[in-house]
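In the two assemblies presented below, subunit A is common to both, partnered first by subunit B and then by subunit C.
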Partner chain A sequence: MTKDMDPMFPGAIARGRAATRAALTVMLAAMVALGPLAAYAAGTQIYDSKTKKWVDYDSRKARQYYARNNQAPEAFRRQVVTFRTAERPGTIIIDGNQHFLYLVQPGNQAIRYGIGVGREGFGWAGIVRVGRTAEWPTWTPPAEMVARDPNAAKWAAGMPGGPENPLGARALYLYEGDQDTIYRIHGTAEPWTIGLDVSSGCIRMINDDIIDLHSRIEVGAKVIVLMQGAALYKGV
Partner chain B sequence: MKKASSFYGTAGALVLLMAATTPALGADLVIAMPNWPSGQAAANILKVAVAKEFGLEAEVQERGTLNAFVGLEDGSVDINPEVWRPNLDDLIRRYVDEKGAVVLTGRGTAAWQGLCATEAAAKLGIKDIADLSDTTKTAALDTDGDGRGEVWIGAPTWVSTGIERVRANSYGYAENVSLVEAEEDVAMAAVDAAVATDRPMVFYCYTPHHVFELHEITRLTEPAYDAAKWKIAPADDPLWVSKSSAPVAWGPAEFYIAYSTGFAQKRPAVAKFLEQVDFSTEEVTQMTYALQVERKAPLAYAEEWVKNHEARVDGWASQ
Partner chain C sequence: MPGTKLWGRAAAPQVGILVFLGLAAGCSTTPPPPEEMARTVTETAPADLQLMCASAAAAPSGVDSAKILPTGSRRVDARTFNVDLDAGGRKFACLIDDSGTVTSVQPA
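And then the complex of A and B:
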């Protein structure tokens, strides 16, 4: 199981763009059924209703969309969806492939949030829990980032919480047993990155959404990370 | 019992241990309860039904399978509601055939295991095991961007997971898809998310299971089980997967109620009643759904079940 620190830094978007993977060809019928936008297989795609074609949703288009609309495309906005599951209400299910985070609700429903994930997905699948949470958390760049990036170096001792802080308004710290996994679900200073594969590990949400999620969950909540990055399991 | 073993050595703990392994004062019989939902439902349904038909008070005790068999032999357990074959054939050989301490009812509930597809996968034409060898179809199962689909084959600790890997090698689709091992909760949540977005997914499945009540799921068709082609090497060989071959469906499985020989002599009418119990696979799936998804308390669900099936339960007792 590879667990990289999330760079969580404004420069991450350029690296994410360079790493954008080619979208796979899929059957139109299945894609239409997904609604106006699908993060199908590897790349994120948007259905253009004018040209009736699926187009890649990359960081450039995301910035343009956000500049025009001041919010992410509809599929990535917070919404209540039908979600049948045996998991208890309050459980978080993260689908990095489709860039959705579900918070299970009673009555076969879930609140679905759009997320930005790591370039290589979450890198692992499994069950963790929310070990602790923080409001406007301090961000401390990992040592290797401090070493290579002067912008990070100036925050080597920790960047105070605030609108420019890459962890955003709230952070949910994911634990495996009593151990911090170093993964977090957090807000972002880059709201246009929702729906994209950026940085290298953590789950990012727009600040409004992470504040909403934070207000609804309990410390100890079960978090299920789905099998994106399943190739890691080959040969197990 | 694993939990209880850590308490050895203190007198207080011994009292606790004894309390856990002997019938409660006043109980007429003990029913072992497995830690999975269908077994919990069945144990409680038998408890309620035995009280209704015979006026006997049954105590339900959670016990692992092996402990339940030990209890059936030493008299601390009277009934075990769910004994799987061929999984527990070794125990059955020892306690039923050799020692004569336990009786299996004659009427089993059918079960099966294999691979299943979500509705979206079926619409893409993935309906038979052979479709997994068609890369134009399996590419749609990709969730990590490497162009290969993923198929969940079970939890890492399950014996069945290794056999699914053997089957994938034998059929040849291990060449086309990535075989994923992960905990069942992760896989089932992946099925939930796939269905919620109408996305295709193929995964290991078995009955009875609540997933069939929760979602529209199709079992992939495949060549019927053939004992001559089912060549599974002993699992204590580290290379058993590569030395095995199984290009056919799993063999049929069944589960039975077991009761102790001593109990049958003491309560022949109840033993006769147990022989008549005929849960169907669908019913057991519904029981699993009620406990696992609807989160009904086992005893409350059992009371409701017996009330809703009163004539049938009466019929089991009047044969």
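And then the complex of A and C:
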């Protein structure tokens, strides 16, 4: 088990963003738990096969779809797609605008997974790497959240990993050089949020998908996060 | 205006055909394949095309392609995307078509 979302997170994103990082860390932990309350997908639409129309995909629509189908819309399900790139197999590419994570495979192919990403103002971009991973990571709410939320207070010392844990089944910790960026690719206890802009910058996947991705990647894998909307540019 | 009236009568069959064809086209709209049943209102370049632009910018920028990051993209026309790139702090603009052919990389 590994602790996560500790507000005293020791890493640092370079270029004088310490204050932003501290604020993001707090918000990150809060939004891991509260994300769906503020969920929306900026401009995402899905094709409704019954009406043969494109319809806006927001949190209400996402919940309805998941309740009916017990899975995300087909476009957000794991699948092999053509992906023309010179990046090495094993590289992870995150397209937050489209809500897809690609794991590069040989032969101009990639495994594509659906993801939930940062809501407006919480997107970011950069070239980072998987610094470490954890199975069923512990989630630790920040002190501010513990102070105001009795439900969070009972997990002040850390919520053990499990199906109800906001981080889900696995977490891939993204590093810039040797520094933890505070961003993670992780599972979720709220699978209907895939395809939405819900987080404070983390990339969430359904637990089956993060388990699959975790089994395929190596620590040190390159991760390219493409610009999402008016995202923060973290540099390379 | 007699001319207008004449045009209206003469064009009626054609208009009817056009309306019929329009309705028929609407009825027979082919749904996208399952993997394409999601989209964004603001269309950005596919991820692989953005990265192909980053690779193509290595030579003109003199920067290792591993350090060039797409920072934005948009559709220019039916076949072409513009991709903004950051190459070690220098900005470049790349044009690429949907087949993956880079048509230009220039300082922005």
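The criterion applied here is as follows: the second predicted complex is superposed on the first by the 181 of 236 C-alpha atoms of A that agree within 3 Å, B and C clash if a C-alpha of one lies under 4 Å from a C-alpha of the other, contacts with A are read in each partner's own complex, and residues count from 1 in each chain.
Rule of thumb we're sticking to: contacts are C-beta pairs under 8 Å (C-beta built on N, C-alpha and C of every residue); 3 or more make two chains touch, one makes a residue touch a chain.
Just so we're clear, the structure is a prediction, and the values are computed from it rather than from any experiment.
J.: Please work out whether A:Phe100 is in contact with subunit B alone, subunit C alone, both, or neither, and reply first, second, both or neither.
T.: both
J.: After lining up the shared chain so the two structures overlap, which partner does A:Tyr57 touch, if you call subunit B first and subunit C second: first, second, both or neither?
T.: In the superposed model, A:Tyr57 contacts subunit C only, not subunit B.
J.: So, does A:Ala86 touch the first partner subunit B, the second partner subunit C, both, or neither?
T.: A:Ala86 sits against subunit B and subunit C alike.
J.: Touching A:Ile224, do we find subunit B (first), subunit C (second), both, or neither?
T.: In the superposition, A:Ile224 contacts both subunit B and subunit C.
J.: Once the structures are superposed on A, label A:Ile182 by its partner contacts, choosing first (subunit B), second (subunit C), both or neither.
T.: neither
J.: Based on the superposed arrangement, let me know which partner A:Ile211 touches: subunit B (first), subunit C (second), both, or neither?
T.: Neither partner.
J.: Taking the superposition as given, does A:Pro73 touch the first partner, subunit B, the second, subunit C, both, or neither?
T.: second
J.: Contacts for A:Ala134 in the overlay, against subunit B (first) and subunit C (second): which applies, first, second, both or neither?
T.: neither
J.: Quick check on the output: what are the common subunit A residues between the subunit B footprint and the subunit C footprint?
T.: 42-43, 81-87, 93, 95, 97-98, 100, 102, 110, 125-127, 224, 226-227, 233, 236
J.: Taking the complex as given, what residues does subunit A use to touch subunit C?
T.: 42-47, 49, 52, 54, 57, 73-76, 79, 81-87, 93, 95, 97-100, 102, 110, 112, 125-127, 195, 222, 224, 226-227, 233, 236
J.: Taking the complex as given, what residues does subunit A use to touch subunit B?
T.: 21, 24-27, 29-30, 33-34, 38, 40-43, 81-88, 93, 95, 97-98, 100, 102, 110, 121, 125-127, 224-231, 233-234, 236
J.: Help me check something: in the complex, which residues belonging to subunit C touch subunit A?
T.: Answer in residue numbers: 29, 31-32, 34-42, 44, 46-52, 55, 65-73, 86, 88, 100.
J.: For subunit B, which residues count as touching subunit A in their complex?
T.: Interface residues on subunit B, with respect to subunit A: 120, 123-124, 139-140, 142-148, 150, 152, 156, 178-183, 185-190, 192-193, 195-200, 210-211, 214-215, 292-293, 295.
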